[in-house]
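Here come two complexes built around chain A, the first alongside chain B, the second alongside chain C.
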Partner chain A sequence: MSSFLERLMNGHEGGLKHEGMTPMQKIALRFVVIGLLFYGLAALEGMIMRLHEIKPLPMIDESHFFSIMTVHPMVGIFGSSYMIVFGAFLFLTPYLMKKPIYSVKLADLSWKFMAAGTFIMWLAGFLFHYAPLYTLYWPLPVDFEQFSLIGGITYIVGVVGIMIGTFLFTYNIFKTILYTPPGWEKQPSWELFKSAIGIEGLLNFFRRRKKEHLVPLPIAAISRGTIDMGLNAIVISSAGVLILIYFLGELFGASLKDTWVDALLYKNIFWWGLDLIADGLVLIFVAGTWYLLAMLISGKDLFMQNIARAALFLEMVVSWTVWSHHLMSDQGQPNVLKVVSGEMVTAFELITQGIAVFITLVTLWRARPLKMSNELKFLLGGILGFMLAVPAGIIQADLGMNRILHNTQWIIGTHVHVAILVGLTMTLYSAIYVLLPILTNNSVKLYSQKLANLHFWLHLIGGIGMGAFMGMAGMDGMLRRAIYLNGEYSTYMILAGICGAMLLVAFALFLYNIVMTIGINGLINIYKPATIQTNEAIPPQKEVQ
Partner chain B sequence: MIYAVLVLLLIALGVVFLFTIKKSLIALILAIIAIIVGYFVAVATIAKEAEAEAQASSNPEASSGA
Partner chain C sequence: MADSIDVLSTLKVVYTIYAWIVISLIAWFAYNITRDGRKEGAKPAIFYTYIAILVVIGTGLHFLTYHTVPWVPYDLNRHKITPDKVFHITYKDHNITIEGEVPMLIHCGDRVVFDVKSEDLTYGFGIFRQNGTMVTQMQVVPGSRNDLLWIFDKNGVYNIKSTEYSGPKGAYMEVKDAIRVIGCMEYDRYSMK
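Right after this comes the complex of A and B.
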């Protein structure tokens, strides 16, 4: 066998040695591998849509284009970001709490439900061209003149799978934080609950004698983000059941009137839930991950820990009251919601996210000189992404600016894609680089640092560039969710397409580097049952005191 | 698992809200508050369950009713 094939199959310097891995280490890697594959799918979909915007592709008709647009964010958010975050947090929660995970079985079921649900939902677009877009504005999802019933049912079945996986995750995370493992001294469940969700921190503001926090700061972030995740899953599930009721009515020949549901009220409740991802758990999880990464990279305590905890609590409350910035151009929306929730509370995110950026950067600064490792590079890239995307969001959450920017490429480019691709994804890459040695018991060595550097620069420049050119097109009036057949915005779209191609190449290089590091056999072995039977996060003998 | 039951109830409550609330800002805000409070109660039941399990394992005789 040639040395290339040998390395491809068995990895760099022997690749992944899976025999010593715990079930939780394997499950975390299963989540990450599936999450990366779905990221690749979302990136391909994005590139197809980008090419179609430059010059309509003959093999893609209008209904197919909009079905790709419907599943693209769902695959990206639930299939990729959620999967990687679930894997990381299901491992980190027991690891940081220094106790076994409550249930390995539930953790294993979570990734299966998430992966299957995302795939089924994707099939609804691919096979049946179901395309009410991810916002599911009422009554679009139940418009049977545009979409087939079977497509809609397939989509909802997929969403149900994702929601089940999400609820299993939320239960397992909270139970792991709160329970007493067999044979252990009794854990103070109520005190842990109060500390995790922030009640103790809030009471500390009014106490002379401050109580010690029982959960580490990253666990506080995981808990508060998981609250938003649960609330979001309830709202999406409620909308799913509502849509299913209409599907069943249609199926049994009793068509229900779509006017029974108030479209504006539906939009408010749906966006309240959906925004708990964008302006809730993402920002809270990211802040918590930055704090953890900054502490691990610098080897020092976090700067201004108490302020960081308070900011996490504030972020959670802000995330519950911020949704109306999505309804600023709706004529029927009450003005009080547009101003208070849409403008004023939204502006608070600049403060909460600003605090997270400041604390992370000062923690790193105080530990200098630091080696510019992969995890540090990607962490700084992630911070830069949110420093660009959050102000872009605040700009559009202004009643005047919203008249110009609403539903344009600015929203989805400069704000959403920069936040997700540069801010969130680069933070996740940093976490992957930090977790890889911990998850593999230091058994793997990165195949190529040059490829890692190339991945970093191509991803950073591609992500920011694509967002910037989409934003410029938006400022010139290019709408999102529209196909331009006469090349009105070709220049911007070609430039955004070049940057999109850089993102795709960056991902291909990263994937190649990881496959050559672990080896195809190593990747397959991740999905084989663990030989060690334990609920501990890492093998007991490797535990660091 | 009380958590699962409460989550299902909250989903059903969400469907009821979607069908019944019309053009009322107060009702919208109350619905949001109800879902938030309801979910905190659901998560609190996990703490209660964990507390009860810990009590039972530290005092097996009491838990078996002996």
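Right after this comes the complex of A and C.
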């Protein structure tokens, strides 16, 4: 076998040694691998849409284009970001709490439900062109003149799978934090719960003698973000049940009137739930991940840890009251909600995220000089992404600006894509680089640092550039959910397309680097049962590093 | 009076400057974090000043736009303002139907209300110049009040487009030359025909 094929199959310097891995190490990697593959799918879909926005492609009609637009964010968020986050946190929670995970079986079921649910949901778009977008504005999801019943049912079945996976994750995380493992001394569950969600931290503000925190700071972030995740899953599941009732009515010949549901009230409830992702768990998880990464990279305690905990708690409360900035162009929405929830509460996100940036950077600064490792450079890229995207969000959550920016490419480019692709994804890449040696018991060595550097620069420049050119098109009136047939914004779209291609190439280089590092056999072995049977995060004989 | 082009041009300049500042800041940080030097953390005064600046920027933006962007006060005080003219528009089956004559004739400085009703799906109502830039927009939600008060101070001919996705059939919902504004001293150079 040539050396290339040998390395492709068996990885760099022997690749992944899976024999010594615990079930949790394998499950975390299963999540990450599937999450990366779904990222690739979302990136391909994004590129198809970019090309169609430059010049409409003859093989793609409107229903096909909008079905891609419907599944693209769902695959990106649930199939990719959720999967990678779930894998990391299901491993980190027992690892940081220094106790076994509550249930390996539930963790394993979680990735299966998430992966299958995302794939089924994607099929609804690919096969049946079901295209109500992720917003599901009532009564579009039940518009049977535009969409087939089978497409709708397939979509909902997929979403149900994703939500079951999410509930399993949420339950497993909280159980792991609170439960008493067999043979252990009774754990103070209530005290742990108070510490995890921030009640103890809040009470500490009013105490002379501060109580010690029972859970580490990253666990506090994981808990608070997971609460938002659970609440969001309840809202999305409820919307799914409602839509399913209409589907079943249609199926059995008893069409229900869509006017029975108040479209504006539905929009409020749905956005309340949906915003728990965008303005809740993403910001909380990201802040918690930054803190953990800063501590691991610097080897030092977090700067201003109590402030960081308070900011995480504040962010959770803010996420429950911030939804109305999505309804600032709805004239029926009361002005008091637009101003208080839409403008003022949203402004708090500048403060909470600003605190996270400050604390992370100062923590790193205190440990200088640091080596510019992959995890550090991607962490700085992630911080930069949010420094660009959060103020863009604050700007559009203003009554004056929203009137001329709502539903333009500014929203989805400068704010959403910069936040997700540069802010969130680069943070996740940093976490992957930090976790890779821990998850593989230091058995792998990165195939190529040059490829890692190329991945970094192409992703950073591509992500910021694409957001910038989309934003400029938006300021010139280009809508985010529209097709332009006459090349109206082609200059911006060509430039955004070039940047999109950089992102796609960056991902291909990263994937190639990881495959060559681990080897195809190593990747396959991740999905084989672990030889060690334990609920511990890492092999018991190894020291926690 | 400032219009959307003025406001968005300002945003373009301000946000571009801001973006280059934060990119430079992170680049400077990345360079210096690899070098040895002073290691102490920030003093509390620096931290709290930074927080104060964030509070001022976060809330100050809204006070600024309330006083400088013309449509904010009349959006917030809509219930107290009696319009000079009301246009009734209906959305149904991915069609936009304007009641009365088209183009809708508007006199300069008149307070006009676009009262839009949807009889099926959620749509959007946007007014666009001939060069494609947006003048204003709102959501059109079935069963809900969708009325937008606007004052035009430049002569021009404007198009109406649905700004919200309403399914593949609604991809190209547009009424060309739906609004004509007359009687102003100034012409909207991006929207003349």
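In the analysis below, the second predicted complex is superposed on the first by the 544 of 545 C-alpha atoms of A that agree within 3 Å, B and C clash if a C-alpha of one lies under 4 Å from a C-alpha of the other, contacts with A are read in each partner's own complex, and residues count from 1 in each chain.
Throughout what follows, a residue touches a chain if its C-beta (ideal position, glycine included) is under 8 Å from a C-beta of that chain, and two chains touch if they have at least 3 such contacts.
These numbers come from a predicted model, not from an experiment.
Novice: In the overlaid three-chain picture, which partner chain does A:Ile245 touch, first (chain B) or second (chain C), both, or neither?
Specialist: In the superposed model, A:Ile245 contacts chain B only, not chain C.
Novice: Figure out whether A:Asn335 sits in contact with chain B (first) or chain C (second), or with both, or with neither.
Specialist: Second partner only.
Novice: Between chain B and chain C, whom does A:Val160 touch in the aligned arrangement: first, second, both, or neither?
Specialist: neither
Novice: Which partner does A:Met21 reach: the first (chain B), the second (chain C), both, or neither?
Specialist: Neither partner.
Novice: Which of the two partners, first being chain B and second being chain C, lies in contact with A:Met49: first, second, both, or neither?
Specialist: Neither partner.
Novice: For the three-chain arrangement built by superposition, which of chain B and chain C touches the greater number of chain A residues?
Specialist: C
Novice: State whether A:Arg403 touches chain B only (first), chain C only (second), both chains, or neither.
Specialist: Only chain C is touched by A:Arg403; chain B is not.
Novice: Identify the partner contact of A:Asp262: answer first if only chain B is touched, second if only chain C is, both if each is, neither if none is.
Specialist: both
Novice: Identify the residues of chain A that lie in both the chain B contact region and the chain C contact region.
Specialist: On chain A, the residues that contact chain B in one structure and chain C in the other are 262, 264.
Novice: Please name which positions on chain A make contact with chain B in the complex.
Specialist: 167, 171, 174-175, 178-180, 182, 186-187, 189-190, 192-193, 197, 227, 230-231, 234-235, 237-239, 241-242, 245, 260-262, 264-266, 268-269, 272, 320, 334, 336-337
Novice: Which residues, counting only chain C, touch chain A once they are in their complex?
Specialist: 4, 7-8, 11-12, 15, 18-19, 22-23, 25-26, 29-30, 32-37, 39-42, 47, 50-51, 54-55, 57-59, 61-62, 65-66, 68-69, 71-72, 75-76, 120-122, 124, 126, 128-129, 131-139, 141-148, 161, 163-169, 171-172
Novice: Show which residues of chain A lie in contact with chain C when the two form their complex.
Specialist: Interface residues on the chain A side: 61-63, 65-66, 129, 131-133, 135, 137-140, 143, 146-147, 259, 262-264, 267, 303-304, 307, 327, 329-332, 335, 339, 343-344, 347-348, 350-351, 354-355, 358, 361-362, 364-372, 376-377, 380, 383-384, 387-388, 391-392, 394-395, 398-401, 403-404, 406-408, 414, 464, 468, 471-472, 475-479, 481-483, 485, 488-489.
Novice: In the complex, go through chain B and note every residue touching chain A.
Specialist: Going through chain B, the ones touching chain A are 1, 3-4, 7, 10-15, 17-19, 21-23, 25, 28, 31-32, 35-36, 39-40, 42-44, 46-51, 53-55, 57-58.
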